[in-house]
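Common to both upcoming complexes is chain A, partnered first by chain B, then by chain C.
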Partner chain A sequence: MATSLRAAFEDARASGIPQASARPSVAGVWALGRIEARRMLLHPSFLIGMAFAIFVMRGAFGSGGTQMDLVENVAWVLGGILVGVLVGTVLTTNIAAMRPRRDQTQELFGALPAPPETRTVGVFAGLLLGPVTLSIVLTACAWWAFRSNEDIGPHIDLFLAVQIPLTVAALGAIGFAIGRWVPSLLGGPVVIAAHIMTGIFWAVPWVLPTSTDVDRPRHMVYLVAAITTWVALALARDRRTAPRFLIAAIAFAVGVVAASQQLPPGGL
Partner chain B sequence: MSVPAVEIIDVHKRFGRTTALAGLSFDAPAGITGLLGPNGAGKTTLLRMAATVLAPDIGQIRLLGWDPSLSDERLAIRRRLGYMPQEPGFHRSFTAFEFVDYIAILKEMTDRRTRHDEVRRVLTLVGVDGVMDRKIKALSGGMRRRVALAQALLGDPDILVLDEPTAGLDPEQRLRFREIVSERAGDRTVLLSTHQTEDVAALCPRVVVMLDGSALFEGTPKELTDVAAGRVWLAPERSPSARLSWRNPEGAHRNIGDAPSGADLVAPTLEDGYLLLVGQRAFTEEEVA
Partner chain C sequence: MGYSFTVRHAQTRLLVRPSARTIRWASFVVIAATGALVVWTGGRKGGNPAAIALPIATTLLCVWLCFLFEDLVAETTDASATSLLFRRAVRAGIAVPPIAAVWFAYTWIGPLTGPTLAMIGAFGAGIALALAAAAVAVPIVGSGKSGLASTAAVVFVLLVLPVAIGHPPSVDPAEPPFGDAFTYWSVVALISCFVLVMAHLDRFQRR
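Up next, the complex of A and B:
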């Protein structure tokens, strides 16, 4: 209770800091992005997630299973590999969002010319340069490795390949936005648990296998809308302006419509 | 005549029912201005305003001729400002180099090579170049304060706002700090809050004593020392007319107050002047109460 009150007080004090009027500079954002990317990729929660993904891959592609098992259970294998990366991404961006509050650097940062949006966009740049780029590289490698395999090859196409980095970006954005609005280290884990436990994870999957009869463009719209919603919400924490909340609301509405229309009647 | 770099004009600030600043006014020209005062005098509130992170309720502050309440001018000030808060936060999982580099980016130093050179320069200046690759959480309190000073020195700012920079430093580090700050001062303006009267005596051509949110004294260290001229004396016992008295290492009592006739007067220090000034107000309030 006392900790929450103190956090609320510190937040109120930090939000009272008169903000700089400058726009985030592109060079500054990418410079921060490089630092954030390195920190995300080397963060223990991300490394543990990657280790889990490798563990699942070993089980799926190693001596543990036959190729037919793999083809039949492609959704499970894909999910198993991705879950480690995604959970690691949510947790690292969530921690990055809480860093200034946790380390009490808001006052120091408040006296600097760069506006708070520079740091926020810098984390998103880090997300792009780090986990998203890594997911693109891994997806490209997998696609190249299995392109001539007649059982697995047909399951990998551009639709699948594009979904993976978009999903990493979306979950990174969720982790960051939650961290900006909920001042607790439990925020990230609770979001992950809630996502799975409430069934959202199953009702509107992030990554859909190629074989499903889903409306592909609408699924892509859903992923982009999710990213936009959470990025706008994170920026709205820096400066609570009507356009930022409006963008978040519109993107959310678009996401809900796209999600509801992407699945064929009767579900997957 | 040039405009003072820092102008504080009848500034008031309240936090709930607590009055932090009550009509404070003074100017700080180029050079080092020392702020002395007991805890709760309003020093940190004033420095937070000078660092543009807090706005006054009433009154005005002008920094380098600009008004920090206007967003464009606030940005111009921040581009020329170095700030070391009383409790500087650190990203503890960063190395000293990474942290100062991160601040340098937020100070709009975007060219990588130039920025890294500048980061190395300030870390070397404060003497932490040997541990710049060590994580901040592994550094001692004194080392961390030096890292905090290093980030404030980035870009050689025109105004340096330092809130108790020598707290927690050992004597050698304090001497090094004096060397760095006095070298930087020159035609720049340094606002330095401290409880160490020796630092003020050694560094500041100008001193402001604050109490209860207002300036009790404004002048040179010599003028502050002169407040105690003829009011410090040694005696075998605590003198009844002394406002403050303590036994010195030689066993004699050093008394400060209204000296009795024939007292063994000694040369006052800046600390005597400060204690007499602050103590006098405190005693007067006590008597009124």
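Up next, the complex of A and C:
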């Protein structure tokens, strides 16, 4: 019995395809990242998400009989685009995660002389080159547009500006990781609805101004921990190794601790 | 007439099982649970879930319906002796009752005491809109992408439009952007039903 079991294990090991030990090459990740960035930014879900957010922001804050000048109008349009980037990033990264499956190119990617993580890292590179870079540009524009606003201007500082690209990265990581583990197109809309209406994907608000007296270093740790958690989970889909789950668990624990300690006494 | 009814009855019986098997029930369970959580969260701390949370949950259910006609086996069943309208009617007949049951359950979560006429009208119009959008999207963008395209249409009509042009901006079914609730949701439902029927005409399908 023991001998036959040992023989079965040895046969399985001998006939199994050895796992790639190489790491994703920089050139491959860069090439995939450029392609994915273009596809993410031009995907209809991203563009429609942005358009819807502009409509909603314009309707919620710009209508109702209020008189606004051109600068205020432009400022609210910029604000709408920024919210749209957040929403659209979840949708477009979720779809990017399922693109090989939907286009039936998984076998093609599997035949490439590169480890399976290459595509995952490539999509994250695309996330950084595409939506995150766009959010940095938009944040700079919004900073300039809102600085003269009496209500919002005093709340704008570097701490607030840094949170927006980090939030885009975190939401993109969530969308991608969910898409990797739950390959359904309904994942993106469900994540957005659950995110906005229940808050089950966040412990505290992603973006907080300094005036809330939030502990700024801990809030940054929280954002980085959230990104790390979801990236590690996405990578664990490629190869279910213990270190990846461990990193995700540690980052999750750090994020929870940072979230619980960053709020001022009495809450926000 | 009697012979035709017997044939249709037999076809329906044969279509129910394969149609039910190809509907995305796992997604339905996730969406139903998320919607319940949304309504429950909206009713906490004295909030009124009918104003925002229930419309969001209703839209989620309608989004699931948008994917109903994304049938992976449609290419196989296209060659069968049943019409597209009939096959889709069977699919809708299977999918809509569970959605209605879940939606009515939502209206009893939190401080809600049951559905109002405006809520029911908005829900019915949402179902018709989702089915119409899905039926139109399949021949235009293809079966693999029709779900997302029709989702955009449903979200636009049910959530974005009322906020963008409403005075005041609101997604509450009782406060539609134009006219009174009965007229608005009736018009949306009628237009959707008309589009749904038109989308199944041969002329549209052959484009």
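In the analysis below, the second predicted complex is superposed on the first by the 201 of 268 C-alpha atoms of A that agree within 3 Å, B and C clash if a C-alpha of one lies under 4 Å from a C-alpha of the other, contacts with A are read in each partner's own complex, and residues count from 1 in each chain.
The rule is simple: contacts are C-beta pairs under 8 Å (C-beta built on N, C-alpha and C of every residue); 3 or more make two chains touch, one makes a residue touch a chain.
The structure presented is a predicted model; accordingly, all values stated were derived computationally and were not measured.
*Asks:* For A:Pro189 in the superposed arrangement: first (chain B), second (chain C), both or neither?
*Replies:* In the superposed model, A:Pro189 contacts chain C only, not chain B.
*Asks:* So, does A:Thr198 touch the first partner chain B, the second partner chain C, both, or neither?
*Replies:* Once the two structures are laid over each other on A, A:Thr198 reaches chain C alone.
*Asks:* Touch check for A:Arg239: first (chain B), second (chain C), both, or neither?
*Replies:* neither
*Asks:* Determine, under the contact definition given at the top, whether A:Gln104 touches first (chain B), second (chain C), both, or neither.
*Replies:* In the superposed model, A:Gln104 contacts chain B only, not chain C.
*Asks:* Would you sort A:Pro113 into first (chain B), second (chain C), both or neither based on which partner it touches?
*Replies:* Only chain B; A:Pro113 stays clear of chain C.
*Asks:* Touching A:Leu32 in the superposition: chain B (first), chain C (second), both, neither?
*Replies:* A:Leu32 sits against chain B, while chain C stays out of touch.
*Asks:* With both complexes overlaid on chain A, does A:Arg218 touch chain B (first), chain C (second), both or neither?
*Replies:* neither
*Asks:* Just to be sure I read the superposition right, which of the two partners does A:Ile48 touch: chain B = first, chain C = second, or both, or neither?
*Replies:* second
*Asks:* Can you check the complex and tell me which residues of chain B touch chain A?
*Replies:* Per the stated touch rule, the residues are 48, 51-55, 68-69, 71-72, 74-75, 78-79, 81, 83, 85, 87-93, 98, 101-103, 105-108, 110-112, 115, 151, 161.
*Asks:* Which positions of chain A touch chain C when the two form their complex?
*Replies:* Residues 44-45, 48, 52, 55-56, 58-60, 63-65, 95, 102, 184-186, 189-190, 193-194, 196-200 of chain A touch chain C in their complex.
*Asks:* Across the complex, what residues on chain A touch chain B?
*Replies:* Interface residues on chain A, with respect to chain B: 16-22, 25, 27-28, 31-32, 35, 39, 99-100, 103-114, 118-119, 122.
*Asks:* Contact residues on chain C for chain A in the complex?
*Replies:* Within the complex, chain C touches chain A at residues 24, 26-27, 30-31, 34-35, 37-38, 41-42, 52-53, 56-57, 59-60, 63-64, 67, 144, 147-149, 151-152, 155-156, 159-161, 163-169.
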